[in-house]
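Both complexes below contain chain A, partnered by chain B and then by chain C.
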Partner chain A sequence: MPEATTLRTLSDPGRAGPASRLSRLAPVHWLALAFLAAALGFAAAAWATGNGFYLRLATEALIFAGLAMSVDLLLGYTGLLSLGQALYFGLGAYVSALVLRDVAPSFWLAMAAALLAGSVAGLIGGVIANRVKGVYFALITFGLAQVAAKTVYNTRALGASDGLIGIPQIQVGFGPVSLDTADPLSFFLLVLALTVAAYAGLAYLMDAPFGRTLAAIRANEKRVPFLGFNAWRYKLAVYVLAACVAALAGALYPMLRGFVSPELMFFETSGNAVITVIVGGVGTLVGPVVGSLLLTALRSVVGSWTEHHLIVVGVIFMLSVIFLRKGLVGALLARLNRRGESGRTGS
Partner chain B sequence: MADLIDYLQFVLAPQALNGLSLGVAVVLMALGLTIIFGLLDVINMAHGEFYAMGAFLSLTLAGLGVGFWALLVLVPLLMLPIGWLAERWLIARVFHSRDRHILTLLLTFGLGMILEDLLKLIYGPNTLRPENPIEGGTEILGMFLPNYRLFLIGFGLALIAAVWLVVFRTGLGAMVRAAAFDKDMASSLGVPVRRVYAGTFAFGVALAGLAGVLLAPIYSVFPTMGRDFILMAFTVVIVGGMGSIQGAVIAGLLLTQVQALSSLYISPVWSDPLVFGIMVLVLMVRPQGLFGRLGHA
Partner chain C sequence: MTKTTLLGTAALILLGLAGGASAAEPIRIGVVTPLSGTYAPIGQQVRWGLELATKEANAAGGIMGRQIELLFEDEEANPAVATQKAEKLFQVNKVDFLTGTVNSGSTLAVGQLAERNGRLIATTVSFSDAITTDKCSPNVFRVNARAGQQSAALAEWLAKDKPKAKVYYLGPDYEMGRSTVAAFKAAAEKTGAQSTGEVFAPLGSKDYSQYFGQLRAARPSVLYTSTAGNDTVRLLTQMGEYGLLRNLTIVGASGTVTAQNIGAIGKAADGFVTGVGYSAELATPENKAFVAAFRKAYDTAPDLYGADSYGLIGFFKAAVEKAGGTDTDALRKAMEGLSWNTPQGTKTMRAGDHQAVQDMYAVRISSDGTNNRFDVVGTVPGDAAIGPDLCTRF
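After this line comes the complex of A and B, so read on.
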């Protein structure tokens, strides 16, 4: 996406000239393309061997990657740690489940309803959470999600602790063609396409003036008003955006699993999303996707010989926090950059 | 009129006393959290797991034949080096980074996850029930109260007073408060700030462990026991003012009363959302809490 780089209007203190900006940006997208190729290869292999289980698992990883991306928008680009992003993910999942079960088995209607619910809830949550900064922001998002999760958990109409079951499989129509969510391969490809679209759209937006303003807020919020920007408005906007992304990702969940449960809103879900972002790479958007797939694979591998995978995940997470500040993808990009720069000075 | 007195005596008062016994335990947890935050700016997400660790340690030691009274001393002593190392190896590593608020929160979150799974690995996921060390009950004003709860209230209040004395009336406490107020100035006046940091963290962890020992006979012991409890302690710390000692005490006693008494009128399952709702409201309206922070008041 070379056009996007020219849209950078605000200079980022971390990056020097336009040339290095270009070389720094391109590898992210190359990485994303390589990832896409690998995902398609995986799909082909899984389809050839007729293995639906791993396709379903990979689909779930991509769905949770959407949640992780929304955390990355806040943490990586704006410097806001949300410990309650599962609130919007769970909201999207419940709204989608209710629409599919009780209103109409329509993919587009479910997604639209989840988007609407996500933006309204995000607006309310954002107005509340953006009253405070730093750790208080983390704690208030945590508290909001707890209130919502416990409320859902206690509400009989929403299935209380059992959640909602019996969400029908649906046909997703694209004009003349339609695909079946019950088919592991087509649903995987659909979710993959949506993930790629979300990545491309968000990466573009983060390179546009909007994203540069967020970077400025992250770097030094107090100076942003002096540049003529209203930091609060931008923080609210990105919060609503993140809520919508999380809600849309959540809306896909019941289509995959056929049920929703209050666990989707619990702190474990929010915490896992934060872990995914930190391990994958903060502020890269590819990182959350890569992290989600890696951690899902790790859990399934480690989980096959011990149920104590939390120790492994926890150790990896803490090592990432201490040693890999930009996660796996960040470390990889730094290497690619160094090679690229030394290559250029050598020629 | 007689109805009213009966209601007070047999409905409200026992519930309030139950709330009080939970309250002192919550305050012990919250004191550790709030002192750690006041001094180091660290939100210790692993605090609940340190509490669970204290409870499990007490079970193991009791199994080896250590008496209850010795446990009250021994478990906190064992928790001290654990807290010290956690500070030196983890917190101190990211302490000088720009995002240390977020990084320390993430580190302690990861630590808590590992500790919880370790407890599961060692003790299994099942619920254990230790013996009640102080049997029997006492009748006060026609109410029957378990002796252990009375002991818990008395011991807890004494402990809270002791913490207050140490922080506000000793040279050691003065060092801690000085380091919380201005670490550079304190350091140039000869306060060993790094050791004060590690020591304070260890002290908070030991308090959490002690709360675990004290509550183990009342609530059952299981690896995730810290989770529900830590949420309450966080709420207390936020409402009282992060880093404020008197805030933690007052908010702790107040909020557990709200929880205990509200469960008479609304279903107990709604008391959690109520308490978290209060937390969100306080964060919105007065994020600094009711009282000022350690070293600044």
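After this line comes the complex of A and C, so read on.
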């Protein structure tokens, strides 16, 4: 008996058999579903009380959750710490803003342009950043973002330090029906749907062979070539994927707030995304979403209450690093798993 | 149980009484300003100026019998945070008016938000010309002087004090630094100054001596610079060490030498002249009373931001009284063309672009290394410094 338990904890419990695989998959997706239900409940409550501000705040949290998810792809699944993910978020925001303001007020065109820009920039950035590993990767991503941010900050055509205002509020067309980004509820539901779609797509991908290879890279990159995989290609692919996710999230920002500014590319934005992922739960995808909602709400409330709100967020970050090593969602999942285990042995 | 119920009822009755007794709802002004980070010292002056003026206005009976209430939010000098906080103030706290934004990006973004929420805002700090020229908004007012007014005032003083001066320009190599130099150059050339050359040094340069050869070869009588913070400290002290400060008048942007870096510059700051909308040394009775009250309350002298923010409450009070309430359209109409008194003299809100017209001052620093004074050496009338109305949106 004791031998069996040791084996079990050492090997990945989820890979033990089909039955346990199902029970391992379930908790994180159940959590995501519970989150979706809560989000819809929140939307209904906010709509019933006519509270546009909280809906728009939640929309912003979901947009930054997209950025955090892209950090999680790199950090949680591949083991790459990016300190410059705001580069792609800001790029998507600026591209979307320019398209909406100067080309056509079309949601789909803006998203497509942001996606294209994100993949091209991600490819370039990925080739540069993936030349090095570990802390140097973090520094290169940080440097790339700083260069881009300073360039935008000093480019008059992009509004320089003032940023761009006057991004119109638009109608998003789905065939015969359309919704208005100016309406807090519709836009919240749209962004929620996009977030759920991104979560589902990325979670599927991370469970597919692609994701398993990334996990192998995170576990031991040197061994991956012996299995017949080119680690560099996979790292580049996930870097481009993360850049695209961040760019698409960024593209939604000017639709919500009507402006873009170089601060969106600054280290503060990148750093906040990393904090969000660590507080929410690294390598869970749903963790970044929960973390983003939590931290956005916290900043808004604590920020009104004291100007020392950064200390409060910092303390929460440290506490979660010390006591919740796997973040909120990680801790919650561990509990759920433990209960599932004890339930099974009990029956 | 019964005791708590009783207490609760009593409290409710008391609250009801208090509510009935007070004449009216307070007028709420939202203040979105940096309370943390690099710009916190500016936000602090904004806060002090507004709080002092509010305390005085409330003691004198408020606005039409209603007290003024200030609600502060920290914008972290980040437009993305500023819009979020401003939206909260507009939609949740239902403020009647909003102010406090410091960096120009925040003012522009919050101005657009105000338009979408049907409210008015005013900035007391941002000096980017765009706010009241090509990016002007019907819902945004500026009660402080913009960059153009500052350089016009300085150029005006230069033309009078040193006619046909030969000017050399040294700016920090980034967008704001270059545009500030370009604006002053245009203003100075218009008033007869002769440009002898320009050079741009990277932000945070450690060694400026590499530019001194060019500077000397150009033989200027005046050097204009738009460096800020520690860059100014290094530039001026190095020029002093090289003996370049003799027979050279140094002028610059209003943020080049401030109370924050003058201590480190020391004697090298002596003689520096800039164009600004305020100096605590202004010798008017209104200003003397203001500075005394400010010192008494906060134990420090007001700066430009504190004075402009203090003056805003008077502007708002006069406009609400003229409009008979806080309805947006009526208030906007009342604010346009309004003249009001401030410690800086009388200001007039130009209707065409919502830019305040005010007398501008040329301020010279006299320093013996430990004691520094910002003396007013020239006054440029508001009309001479304001420049044309370039706003076409309304």
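The rule is short, and it goes like this: the second predicted complex is superposed on the first by the 326 of 347 C-alpha atoms of A that agree within 3 Å, B and C clash if a C-alpha of one lies under 4 Å from a C-alpha of the other, contacts with A are read in each partner's own complex, and residues count from 1 in each chain.
Here is the rule we use: a contact is a pair of C-beta atoms (placed from the backbone, for glycine too) under 8 Å apart; a residue touches a chain by one contact, two chains touch by 3 or more.
Predicted, not measured: the structure shown is a model, and the values here were computed from it.
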| item | value |
| --- | --- |
| Clash or fit, chain B versus chain C on superposed chain A | clash |
| First, second, both or neither for A:L310, with chain B first and chain C second | both |
| Which of chain B and chain C A:G52 touches, first, second, both or neither | second |
| First, second, both or neither for A:D162, with chain B first and chain C second | second |
| Which superposed partner A:I128 touches (first chain B, second chain C, both, neither) | first |
| Chain B versus chain C as contact partner of A:I278, first or second or both or neither | first |
| Partner chain(s) touched by A:E60 [first = chain B, second = chain C, both, neither] | second |
| Contacts of A:Q146 with chain B and chain C, given as first, second, both or neither | first |
| Partner chain in contact with A:W30 - chain B first, chain C second, else both or neither | neither |
| Partner chain(s) touched by A:E263 [first = chain B, second = chain C, both, neither] | second |
| Stretch of chain B, among 81-89, 243-251 or 261-269, that runs into chain C once the two complexes are superposed | 261-269 |
| Shared chain A surface residues [contacts with chain B and with chain C] | 153-154, 308-310 |
| Residue numbers on chain B that touch chain A, as the complex places them | 41, 43, 90, 93-94, 99, 101-103, 105-107, 109-111, 113-114, 116-118, 120-121, 231, 234-235, 238, 242, 267, 269-270, 272-273, 276-277, 279-280, 283-284, 287 |
| Residues of chain A that touch chain B when the two form their complex | 75, 79, 81, 128, 131-132, 134-136, 138-140, 143-144, 146-147, 150-151, 153-154, 271, 274-275, 278, 308-311, 313-315, 317-318, 321-322 |
| For the chain C and chain A complex, residues of the former touching the latter | 35-36, 72-74, 78-81, 83-85, 87-88, 91-92, 103-105, 108-109, 111-113, 116, 128, 130, 135, 174-176, 179 |
| Complex contact set, residues of chain A against chain C | 51-53, 56-57, 60, 153-156, 160-163, 165-166, 169, 182, 257-259, 261-264, 268, 300, 303-304, 307-310 |
